[in-house]
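Read from first to last, the chains carry the letters A, B, C and D; within each, the first residue is number 1.
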Amino acid sequence: MQLNRDDLKEAYRRMCLIREFEDKVHDEFAAGNIPGFVHLYAGEEASAVGVCMHLEDRDAIASTHRGHGHCIAKGCDAEGMMSEIYGKKDGLCGGKGGSMHIADLSKGMLGANGIVGGGSPLICGAALTAKTLKTGGVAIAFLGDGASNQGTTLESYNLAKVWNLPAIFVVEDNGYAESTASAWSVAGTQTKRAEGFGMPGAEVDGHDFFAVWEVAREAIERARNGEGPSLIHVKLNRYYGHFEGDAITYKGEGEIDKIKATKDCLNLFKQRVIETSLLESDDLSEIETSVKSYIDQCAATATNGSTPTEADLMTDVYLKY
Amino acid sequence: MQLNRDDLKEAYRRMCLIREFEDKVHDEFAAGNIPGFVHLYAGEEASAVGVCMHLEDRDAIASTHRGHGHCIAKGCDAEGMMSEIYGKKDGLCGGKGGSMHIADLSKGMLGANGIVGGGSPLICGAALTAKTLKTGGVAIAFLGDGASNQGTTLESYNLAKVWNLPAIFVVEDNGYAESTASAWSVAGTQTKRAEGFGMPGAEVDGHDFFAVWEVAREAIERARNGEGPSLIHVKLNRYYGHFEGDAITYKGEGEIDKIKATKDCLNLFKQRVIETSLLESDDLSEIETSVKSYIDQCAATATNGSTPTEADLMTDVYLKY
Amino acid sequence: MSVKSYRQAFNEAIRQEMERDERVIVMGEDISGGMGAPGEDDAWGGVLGVTKGLMPQFGRERVLDTPISESAFIGCAAGAAATGLRPVAELMFVDFMGVCFDQIFNQAAKFRYMFGGKAVTPLVIRTMYGAGFRAASQHSQCLYPLFTHIPGLKVALPSNAYEAKGLMTQAIRDDDPVVIFEHKAMYDEEMEVPDEAYGIPFGEANVTREGDDVTLVAFGRMVNLANEAADSLSASGITCTVVDPRTTSPLDTETILETVSETGRLVVIDEAHPRCNMATDISALVSQEIFSDLKAPVKMVTSPHCPVPFSPALEDLYIPSTAKIEAAVREVLGKGH
Amino acid sequence: MSVKSYRQAFNEAIRQEMERDERVIVMGEDISGGMGAPGEDDAWGGVLGVTKGLMPQFGRERVLDTPISESAFIGCAAGAAATGLRPVAELMFVDFMGVCFDQIFNQAAKFRYMFGGKAVTPLVIRTMYGAGFRAASQHSQCLYPLFTHIPGLKVALPSNAYEAKGLMTQAIRDDDPVVIFEHKAMYDEEMEVPDEAYGIPFGEANVTREGDDVTLVAFGRMVNLANEAADSLSASGITCTVVDPRTTSPLDTETILETVSETGRLVVIDEAHPRCNMATDISALVSQEIFSDLKAPVKMVTSPHCPVPFSPALEDLYIPSTAKIEAAVREVLGKGH
């Protein structure tokens, strides 16, 4: 399997879309236009896209409290997402979910999740459905370094292996859970934990789209072939705080700037495809421009969207009650 | 550290006491004299005693639904235990707890536990107390192979390591959780899991008191020296079913008889101490005889004990309400 | 029609729905039993035998034993339900909810609302509840009030074998998450139950007795005790209406309000702990909605505010009894009764 | 006496108890913050800053950051409490109870009873609850009715900064497990609070207003809304007694029954979901115990039976409001009001 020109353009488009989306949400939150707890993904794009480039609608992912990137990578409508984050009726979840609960089951996106560690059990379920109904699908849980210590996650490793499920656990390790360093909070290592549960585990540089893509390819192939679950430990960094409003005093001085300057995943991608003549500079700037204007449009739609009303409050609790 | 004659006699006494206690409870349950869910430990004596011989009252243990053996090994009063199992007012817990909830905090016995995986977090707490108050104590969670898959257990491994607690996790693997084989339900291995969380892990033959004692010695020493938690994977077998009333159809033919004939932990102990002239045959039979009559006495006391009354129903819910 | 136990009724309902719909699967600890072991297959069929025989008929792909990890497998069932299967997962004893409640109340129960109506989660959680088994504090609780509190969940409490089959069938056919409570002390109770499949609609109470003097609303196994109390009271010329709401969520408020309006008196019987339970829920409903129809204070018969004791002597005092129900009825009827 | 915020009041109570008693320790996720990180120490002091400054004063041995593993560290706190420490553990949002409830309700809460009165478990669990933060379905729930249901737990809901300090102090001094609910939307609310340490006894309600026409019983943040409603109604000549029970378990039934007997009318205000909640609990209590003193049906003002919505437009409709409380009061007073 190889990435052709169209694939590369699509990958870059998705990564840019995430970056622009998050930058826009950051600005709009700062301007007081967005309420609630908002957790941004900017900086980690290569992980979500590197994995999701392999996926189709029959494949499922579960996300975290930091779900925008995974949603976009999996093909959710960015306009609907933006409206959702603004709490509007046209939002992907009718304004009822908000940033922490964006989902689109029709795209195999099983939801952002406000509960750390909430997604892995669900992904065992999506994998079980794929296995039972023989859809050929795989199911992928994205989780943070912090979530890797939650019992729900660890139990899921065991269940996935015991049932030989087509499930993959992608541990996105940005070095922090809120203000707490993963170097402190995670005893042992992610890959040794995988071994502890009899699963293959691989560590990968999450700034490098191509590295993530390759490691994901192997794990997904294994899962599709009925060879069971795997774990991928993605080491990466993030540009904004834990949530919007976080002063990020726990990070080292210049920590973020240094990453931005040397390891930004969009820049690394760009350098690579241009150096190797896989794409031209024009291809990329065209994508950048179109994404920018699309995101502006998303924000405008969201701003102007109508708010839900009393009639919406009690709908969608049950199908029938 | 070495076991002297007195230690060996005490170890044998405790193992016999457990065996006789469990055989008696088995008979009395079959005769309809004991109500409820009762889980017996017979066959596993070398594990509880091999570990607890190293412990003092300042050290704590947490047990499982199968708690009689751990209680006796840690020094709980067998008469009070028997009365408790009969639901009598003189029981160790006033008849309110029963077999699954026997405890004696004054002996550092933090309770049998009806919740699989319930004990490991509690043991982190006892270890934290020891560490904070600098008592020099250690805390030990006994858990089954089934419990080793529970998230509460796995989280505790991480917490114990991250906080460098004087905690030890003793996985008593009898090959089954209820009717389910651990060979199937436990992905990976117990010792590799320990490694996954950065802890030393050792596997040991649980039929061999001396092997357990030695491995426990090392782990406990490490913990007392401030070198953090360990895991011990004890492989052993059990003679009665999961609970009293279990027809044990899931086990292989002759499985139990073979173990009894070849690897019974009491017999192995006996052979060893006699062959090596550490104790004489008379020492052992004296212990056996006295234990037998003591257990008869326990059962008589329990049988004749008075039952709690309405006045007892609402006491002990709170200290003050 | 044939005589079936409460246990068999559940088993038959699951079996028939599995025959009808391939997407129905079953999972839980030892739900079949003997997994990976050298002895008998389907060795247990669940810890008290309710699912016995399903694995031999439907195979290991549809009857799945699980490791002991309730969060993982109950969450797995929720995820499977949201993606196209119709799982029936067993939480062996409801007392174990504490290790997996998140996947039930924050995940499965809220998917539909949080996702703006786009999720369908036909999940069934079967669980055992109730005292009387000398199983002590951690294996005897009721806890259905906690589930009833949660929007997005449906909660059913079958009170006999007929109800068991009908409510289980309905639960499996329902497209919302349902938690169905099986009273562990009733599995051997038998009665005539239809052989063919049938569902009992949720939110429609069953009036098991009609009377003039007082309405008894009771849940699960307490319905039997209420019926017994009613029978025994009739000897003293006191006639009771007995209402089995069948489901606490949705709740058939209409039938409850109607029958209480008729008798003007209410005794609610709830095996659960007394605070924030179904007895308070029904009492509050009635005193808010039809206050002026009440001729006497509402009376609640519940367990006391203490954990379930082990000792049989104490446990028998703990559980609501027909004697206590009769006393409550006489009390609401006032002097002379 | 000085002006303190609800946040500062909690902080001061914990600080003073830590000064008084070395066995008091504090633990939770980011409770100090910056653990193992290159930047600032005590970077957070809890996600909303309640425990800020404790680590610098008492050191890392008594102020412990934890990995994200609520079962392990809440259970650890329970085990530590049973063996000689007095831990104050933070369950960041009560919505996360689903991953660790077992250690609270089956372990800590039941030790004493199961062990025949031999255990003492002076555990405090601090947790945030409540809507209004646009934090959506999994970060906005109340859930205190679930804790109130459980025998062996005590449950406190401070309604302002004065209550916060007094009830937190009491919780730490109490020898039983206490769950204390901090309303996340109130942390910045300020008032005069004594500087010296003081406890407010559990089970003693605070009557914040006395009136003749109706009794309002409200919990946590709802006490403020009840007071506002009472103030506003007084302009129409309607006077209310407002009762803040302070703790739902134990509950000061005496004060509630007394004040309702006096006014003959009751409105209960509860931010929790409507089923099996404190509103039903109080309604049931009153209609069972002092039915004949009631001049009108009891009225409950609660959130509706749906998850907490994200959209501010919907969330504002979701939360009980003073307008709804006033309407309820007018309704129980009948025509003409």
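Here is the rule we use: a residue touches a chain if its C-beta (ideal position, glycine included) is under 8 Å from a C-beta of that chain, and two chains touch if they have at least 3 such contacts.
Predicted model, so just to flag it, every value in this text is computed and none were measured.
**Student:** Among all the other chains, which ones are in touch with both chain A and chain D?
**Tutor:** Common contact partners of chain A and chain D, which must touch each of the two, are B, C.
**Student:** Where the centres are mean C-alpha positions, what is the separation of chain B from chain C, in Å?
**Tutor:** Between these chains, centre-to-centre, one finds 35 Å.
**Student:** Could you please state the distance in Å, as a whole number, between where the Cα atoms of chain A are centred and where those of chain C are centred?
**Tutor:** 40
**Student:** Mind checking the centre-to-centre distance between chain A and chain B? Centres are C-alpha means, answer in whole Å.
**Tutor:** Roughly 45 Å separates the two chain centres.
**Student:** Chain A: which residues touch two or more other chains?
**Tutor:** 91, 93, 95-97, 101, 113-115, 149-152, 155, 158, 162, 184-186, 317
**Student:** Can you list the residues of chain C that touch 2 or more other chains?
**Tutor:** Touching at least two other chains: 67, 69, 71-72, 95-96, 98-99, 102-103, 106, 113-114, 136-138, 151-152, 305-307, 309.
**Student:** Make each chain a node and each touching pair an edge, then name the shape: line, ring, star, complete, other.
**Tutor:** complete
**Student:** Could you please specify the touching residues of chain C with respect to chain B in the complex?
**Tutor:** 29-30, 33-40, 43-44, 47, 65, 67-69, 71-72, 95-96, 98-99, 133-139, 304-307, 309-314, 317-318
**Student:** Which bits of chain A are touching chain D when the two form their complex?
**Tutor:** Residues in contact with chain D: 35-37, 87-89, 91, 93, 95-101, 113-117, 146-147, 149-152, 176-186, 248-253, 255, 307-310, 312-314, 317.
**Student:** Under the touch definition given earlier, write down the residues of chain D that touch chain B in their complex.
**Tutor:** 23, 25, 61-62, 64, 66-67, 69, 71-85, 87, 102-103, 106-107, 111-120, 151-152, 154, 174-176, 203, 250
**Student:** Give the list of chain D residues in touch with chain C in this complex.
**Tutor:** Residues of chain D touching chain C: 71, 95-106, 109-110, 113-114, 136-138, 143, 145-146, 148-152, 248-249, 251, 272-273, 275-281, 283-289, 291-292, 294, 296-300, 305-307, 309.
**Student:** Enumerate the contact residues on chain A facing chain B in the complex.
**Tutor:** Per the touch definition, chain A meets chain B at residues 149-152, 154-155, 157-158, 161-162, 184-189, 192-199.
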